[in-house]
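Every chain is named by a letter (A, B, C and D) in the order it is written, and numbering of its residues begins at 1.
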Amino acid sequence: MRIVVQAEPFDFGAEANRFAAGHTDMGAIVTFTGIVRDLAQNPLDRMVIEYYPGMTEKALEKIATEAQERWFLGDVLVIHRHGDLRPGDMIMMVATAAPHRVDAFEAAEYLMDFLKSRAPFWKQEFTADGAEWVASKDEDEDALKRW
Amino acid sequence: MRIVVQAEPFDFGAEANRFAAGHTDMGAIVTFTGIVRDLAQNPLDRMVIEYYPGMTEKALEKIATEAQERWFLGDVLVIHRHGDLRPGDMIMMVATAAPHRVDAFEAAEYLMDFLKSRAPFWKQEFTADGAEWVASKDEDEDALKRW
Amino acid sequence: MTLDVLYFAWVRERIGVPREKVETSAATVMDLVEELRAREERYAVAFGDLKALRVAIDQELTEFDASLNGAREVAFFPPMTGG
Amino acid sequence: MTLDVLYFAWVRERIGVPREKVETSAATVMDLVEELRAREERYAVAFGDLKALRVAIDQELTEFDASLNGAREVAFFPPMTGG
């Protein structure tokens, strides 16, 4: 398991290759990557992500550990950025390795669902209209109910 | 949409990065990668994948087109190798880009489920016991029923 | 009519060739299978259990009762195991 | 007892500081919230709608009726929006 919270950009492809390498007993690798969106109707200048040093890492470790208890996984990777981001920048990625594809998919979805609303990150968007904290979505809270 | 059937290895990370680049209106990228497994109880020497030139590409395009009709996707990538593979080699990858994570995940699972048992590929495994065609699994056929 | 008939995986191994031209007046895939079965033992073996086989006409998956009307290429193979 | 009290996102903006030491004898998070609300308008505003807030004691998510017994660090913040 590898959990990283960092301000610096990460190389999705290089991380994906490093994660996939050397798992000859794991047939399935799933990755999810979140990218800062730029919506035509209200162009985004930048996004700032705040986090809670200490608690954020612990929360991510807890979520990843729970995924490992629930599915048969070879490995889990979570990388999440904080600080300043621009449209098109990668915010975060998760990766799961498992012997079978269903486990790799379900575990990645579980990680994402909990990461969305149980890991201490807060997004603020800067547009021509000013700064606005991103509101949590009911659908993200609802997504937890399926697990 | 990009569909590739090739004998040559592909660079998963480079393909993933290329796929993710330039989608500033797509917030979610999901990838799945299949790797040749080497099981301790019966070490694999090599795997050979046979395909049906012409039909295989058409079948993959049909599956990807159906995914695009069913979910709101920005892009779909399918790469599948044929020919000789060794343990640890990547067999194939799919990638989906969508505005929202649920679409990207579901579409990737759909692609995998149909690719497993509706795209003309046949795997043959070579071990110390000789050559054996991989049998299809009932669970792969069952997986189609959820869509 | 003359059909291109293709075989893949263990079907190809049992029949011994990857493809061949078949001159036939079979109306359906099943008729063609019966003709081939009657030809030689290797066909009878390859087509022994149709539940273990799949068929495509002109590169589209179909069923054994499908018509061969207009068909140019027929392929027989075991269930696919991609991914 | 002396608690480290942390604020994040718009809670931090409304209160005006990211963290502060608070001397309190509050038994629960709710008691602490009431003390802070009574202090100054900015706290009353930040803690106006508790349904819009989350709380962690010593970096573990908890509820507003949780005991502060043994607590060293209490954090208030809006619902998380990671990923």
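Rule of thumb we're sticking to: a residue touches a chain if its C-beta (ideal position, glycine included) is under 8 Å from a C-beta of that chain, and two chains touch if they have at least 3 such contacts.
What you see is a predicted model; the values in this text were computed from it and never measured.
Touch-path distance (fewest steps) from chain A to chain D is 1. With respect to chain B, maximal separation of chain centres occurs for D (centres as means of Cα atoms).
Between chain B and chain C, the centres computed from C-alpha atoms are 26 Å apart.
Between chain A and chain B the centroid-to-centroid distance comes to 23 Å (mean Cα coordinates, whole Å).
Averaged Cα coordinates give chain A a centre that lies 48 Å from the centre of chain C.
Among the residues of chain A, those touching two or more other chains are numbered 34, 101, 112. Looking at chain C, residues 83 sit in touch with two or more other chains. Contacting chain pairs in the structure are A-B, A-D, B-C.
Every residue of chain B that touches chain C in the complex is listed here, in rising order: 34, 49-50, 52, 54-55, 58-59, 80, 91-92, 112, 115-124, 133-136, 141. Looking at the complex, you find that chain A touches chain B at residues 11-17, 20, 22-40, 87-88, 90, 99, 101-102, 104-105, 108-109, 112, 143. Of all residues in chain D, only 6, 8-10, 12, 56, 59-61, 75, 77-83 touch chain A in the complex they form.
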